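Encoded as structure tokens, here's the structure I'll be asking about.
The first chain written gets the first letter, and so on, giving A, B, C, D and E; residue counts start at 1 in each chain.
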Amino acid sequence: MIEIRGLSKSFVGQDGGRVQALSDVDLDVAENEFLTVLGPSGCGKTTLLKAVAGLVPVDSGEIVVDGTKVRGPGPDRAMVFQNFALLPWATVLDNVAFGLELRGVGRAERQERARALIAMVGLAGFETKRPAELSGGMQQRVGIARALAVQPRVLLMDEPFGAVDEQTRRLLQEELLSIWEESRLTVVFITHSMEEAVLLGDRVVLMSARPGQIAEIVPVPLERPRARSLERSGKYAEITAYLWDRLRDMHEEHRAAR
Amino acid sequence: MRARVPAAAVSLATGAVAWELIGRLAGVSFFPPLSTVAVRLAEMAAAGEILQSVADSLVNLLIGFTISLVAGLLVGVAMGRYRKVEAALGVYVYALLTAPALVFAPIFFSLLGDGRGSIIAVVVMYATFVIIINTASAIQSVPAHLVEMARSYGASERQVLLRVLLPAATPMIMAGVRLGVGRAVTGMINGEMFIAVVGFGHIVTEAGGRFDSASVLAVLLVIIAVALGAVWLVQAVDRRLTGWVPQTSRGSQ
Amino acid sequence: GVRGTETNPDGTLSFSIAVTEPDITTVPILAAVDVVRQAGHKVEVVELAEPELAIGGLAEGAYAFSAEATSPALSAIEQEAPIRIVADAIGNQWAIYGKSRVTCDDLNGRPFGIFSRGAVATAMTEEWVRTQCTGGRKPEYLTIGGSDVRAQALVAGEIDATALELADVVALERSGDSSFTQVVDFGETLPDLRPQTVYANTGFLAEHRDVAQLFVSALVREHAKINADPRHLVSLVKTYLPEEETDDVAEIAERSVEAGLFDAAGLTERNMQVTIDFFVRAGVIEPGMTAKDATDLSFIKAAA
Amino acid sequence: MTRRGHLPYQLLTFVIFAVSWEVYARVRGGLLIPTFTETVGASVKLLGSAELWQALYASNQALVLGFALAVGVGVPLGIVLGRFRTLERFADVYLNILLVTPMAAIIPLLGMSVGYGLAARVILVAIFAIVMVVVNSRAGVRQVDPSLIEMARSFGANERRIWTRVLLPGALPAIMTGIRLGIGRAVTGMVLVELLMVSTALGGLMLEYRGLLKAPQLYATIVIILAEALLLISVARWGERKLTGRSVR
Amino acid sequence: MIEIRGLSKSFVGQDGGRVQALSDVDLDVAENEFLTVLGPSGCGKTTLLKAVAGLVPVDSGEIVVDGTKVRGPGPDRAMVFQNFALLPWATVLDNVAFGLELRGVGRAERQERARALIAMVGLAGFETKRPAELSGGMQQRVGIARALAVQPRVLLMDEPFGAVDEQTRRLLQEELLSIWEESRLTVVFITHSMEEAVLLGDRVVLMSARPGQIAEIVPVPLERPRARSLERSGKYAEITAYLWDRLRDMHEEHRAAR
């Protein structure tokens, strides 16, 4: 579904300094795969996701989604943004319906779909509020609802549950999994929670920092549906512990190198 | 980064060529080609007519604009920050923005006489209110959470103003200042044309009376050059102050 | 003392006079100012954009003299401003020009250029239309500021006719465009109307009679010299308005002298009364003003 | 604070303003400076005269058309310039020239090229107002959070949708500031063209009153023109509130 | 140190609706206590913290810090904001030094202190960057460094580690604890991670939603210093499990109520 070949990207800062955000990244994501991404803060996860979304021009390498080279955003992909990116002047309802509106869905239909998703993320009753009137976690959920509303084939999620409480997170995870299972959705999901990465992912991509590279790809051979009880299984603990060690090593290496 | 084409120079040159061509093709007395105007300008400069006027007018401009800038920022910030001030002054600011400044000539005369004072007053009338209005609305649209953050660190009202509101409002304020500079130049020339007829205003009025378009346009060229210089100065300051603004624009890489 | 006037330690005076848009009709006044200066006085000539500003300053004493349209002076005097008309600046130089062979009736509903209502040329035009057009016919007035601009508009075909100053008439004729002729010459139909006069602040007149007299006498002499030889006007223009084109000026000078336009001392109670009555008819001032109220003719009498 | 809470401040400044006008005019006023009370009296009288309303009607034709032109051209132009840097770098000079050129000096040129009719007045009003709209729209667009544009693009927004759904609403406060400034300038332009080029309508009235040294009527006319401008500006504010649904101060 | 009595706060939305964010909250925080706060998204945690910071006017009730009634912000308290609230025009260095600058600390000293804290949060080398050039996690760390720089007596932290990876989070937790132990700092710390709440807190405050109220205060009787190995202790597991159950119940009650 997604093929990434030799992807590199660097930013030239306003102070003249150059930051290598991604360096020679290769990655394949199969159709209907749930891929989770872990890595230290600032290692290039967001940059990678935006590149797949077609939002940042890359320096070299190419990204092919479903056989077509990515040259910009497309209706096959939708993104949940780390910083939410809500329209401050629009209500919750309009924000959630925004993606649908851009795709030309009629008013009645998009409002109906938006309302359903707002209810799903637990924001029923807040339809007419503006982002500034919501708590951080509520804003994040609006961003999630907006992306789900357009029913993309590839869903790119950047720390989507970072600001919600554990219970809401579980709930949203379940909703996401059920949507993913029903449709033939492909998901790339950035998180800082190893538990979440293992619980949700078919494979976990470990990224290392400066320059951002793929350090390792860890398969998660746990059958689905994965119950919560899995968390107490040996396999689960093993993978999580492995990830934990790998990331700690990367982290220490990196600190030592400075 | 590759070397930039000096865009202004290119578009000015294009404009100049277009002017010359249209002037030659049209062949009407009221729109002489650029070359004719340039020759006229050289003659006037040689006769010393231009230089004295430039110096005189620039002094008016400088004094008037400085007053406008200071008053504009002070009043603008006060109106943007305090609703009471806005309530008290808003109507008058908009009224004075709208009022053709020339109708106040008798009042300036009565207050300041027919000399430099009145012309400077016209410059101030022209430039101040744009700056006030833009500054006020710039201050009002600063994101509230930044002010909140500063207050949490014990920022005094002055600090909130200087360290948060003003920097955050700078892009819009500078847009106003830029409009203000342009208006100040217009005020300067109009003051010299419609109040006490001196300097550039004198040359334009006289040449206009003779239907000497070449002279009018020659003087206009000088005025525009002066004005562009002033605006560019403002923009240079603007770029320094607002380099941080993340780009909304495309095609800049 | 008078606000804008100062007496210097050596007994000479410092004062200002105001002019608006100096043109060929203003140069004799500038020459007269130079005569006053030669007597040791410091005279500043302030150029203002509007006659009303000059009148305002005159009323306050900021200026000792000014010379422009008569009507605002009369309005000011009517409002008891300390102003008196002391001499004539230029006689009635206005004429209506239009397309060849046009009469008032032909202009019915046609665009006719005027300045604002209340201006003297407009007033004369309206009176002409009232008396000359038959059956309530009248042109469609299109207001365009300035005689020079109206001349351009006439050439451009924007208007069918308009009232013009002598200078613009000459310019129009010299342009070689023969499709325009004079429809009526107000100098002939209203010879006693004084559209443009010299006026002064009464405080100044009372306190500095000698200097005022010096100025008025010099003006009268300049006008006399012009009437004796139109080339004098040409040389004055060369001195005071070096930018003006001399060919036109010579022609204008000839024609002005022919029409007797330069006659500062020609102001009398009789023709002032005619002027006042005209402006009353035009609605500029209320009835009741007499020539005595508005003028101080003692200076031109003494100058003669 | 409620809008009603502002009233005392508005009243206070009004009283200060009126009293200082009255006092100054009584002490120093001359032929050309009427007192406040005279002006109020003249305004009331004028409002009852048909002449004024005809003049208002005639003047406003140019205002409405010219201002509509300025907004219709100015807002898109400002957005284009804010969004496309390259274009802006080339167009900037001309915007500056437009901003600084003394219109009074080009009025004769305009008259000679398009005549003295409604067209000339409309063009002049538009020229007066457009710079304010363009410069502020551009500044507004620059302030729109770039991540919103990125977001819209990720949902497949084309350039047009980015304009109408992100840039325009995001820049709206600044655009509306430009529009309010533009209204003020347009009214000035409307009067000035009548004063300097074709002395009809309101400008004609003002010239007439000035020529006759009827200062109270002259300033009454100005007061009425300003009242109109203020009215239009409040309508713009009201529209802005309606448009955004948020409270605009 | 902090006494909160009968605190209530409601917001009137622009759509006219009224949201009761806090209702009759009573809470005491002892000097040098480390208090953690857990609660569903939108329950009023941020509002409570801002009230203590003196940033939101309350409807009724009062807050007393160190014997003085809170009427506004004070130099004794510093806050880490959920949405970071960085100055977009200032560099990382200037952002971190901002609090010090406002308090009149001289240029040389504040830069030195800022640099030390930037290094501590792992951002050495990014001093001259602007916020827009940083990843989400990096921005969050700038906000943390800024608050620590002013050495407050009360530190109010609103989900401060929500956007950083697990390793960085641990590191920052340790740094925070060592600062807290050395100084006599009082900390109120909002988090969505139960593990974090137990690991760091002397007591855990559980809040429930709509209206925001304190449901329960759970003491954490684990001795300090708390090693990571604690995570495998029975006591720790017990408390975490209890919190988990309580929050799930609250969550379900709330969903049922809708």
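Just so we're on the same page, a residue touches a chain if its C-beta (ideal position, glycine included) is under 8 Å from a C-beta of that chain, and two chains touch if they have at least 3 such contacts.
The chain list, named the UniProt way, goes like this: A, E = ABC-type nitrate/sulfonate/bicarbonate transport system ATPase subunit; B, D = NitT/TauT family transport system permease protein.
Nothing here was measured: the structure is a model prediction, and the numbers come from that model.
Greatest centre-to-centre distance from chain E is found for C, with centres as Cα means.
Contact count check for B-D and C-D (C-beta pairs in contact): higher for B-D.
With centres computed as the average of Cα coordinates, no chain lies farther from chain A than C. Separating the CA-averaged centres of chain A and chain C is a span of 84 Å.
If you average the CA atoms of chain A and of chain B, the two centres end up 49 Å from each other. Remark: chain B and chain C have CA centroids separated by 38 Å (rounded to whole angstrom). Multi-chain contact residues of chain A (touching two or more other chains): 14, 83, 130.
Within chain C, the positions touching two or more other chains are listed as 50, 52-53, 56, 60, 152. Listed for chain D are residues 30, 32, 108, 112, 145-146, 195, 245-246, each touching two or more other chains. Listed in rising order, the residues of chain D touching chain B in the complex are 1, 6-7, 9-10, 12-13, 17, 28-30, 32-33, 82-94, 96-97, 99-106, 108-109, 112-113, 131-132, 135-136, 138-146, 149, 167, 173-174, 177, 180-181, 183-185, 187-188, 191-192, 195, 206, 215, 218-219, 222, 225-226, 229-230, 233, 249. Only residues 50, 52-53, 55-56, 59-60, 69, 71-72, 75-76, 79, 81, 115-119, 142-145, 149, 152-153, 156, 158, 284 of chain C touch chain D when the two sit together in their complex.
For chain D in complex with chain C, the residues that touch the partner chain are 30-32, 108, 111-112, 115-116, 195-200, 204, 207-208, 210-214. Of all residues in chain E, those touching chain A in their complex are 11, 13-15, 17, 19, 38-42, 45-46, 82-83, 91, 122, 124-125, 128-130, 133-138, 141, 159, 162-169, 171, 192-194, 244, 247-248, 250-251, 255, 258. Listing the residues of chain B that touch chain C in their complex gives 105-106, 109-110, 113-114, 193-198, 202, 205-207, 209-212.
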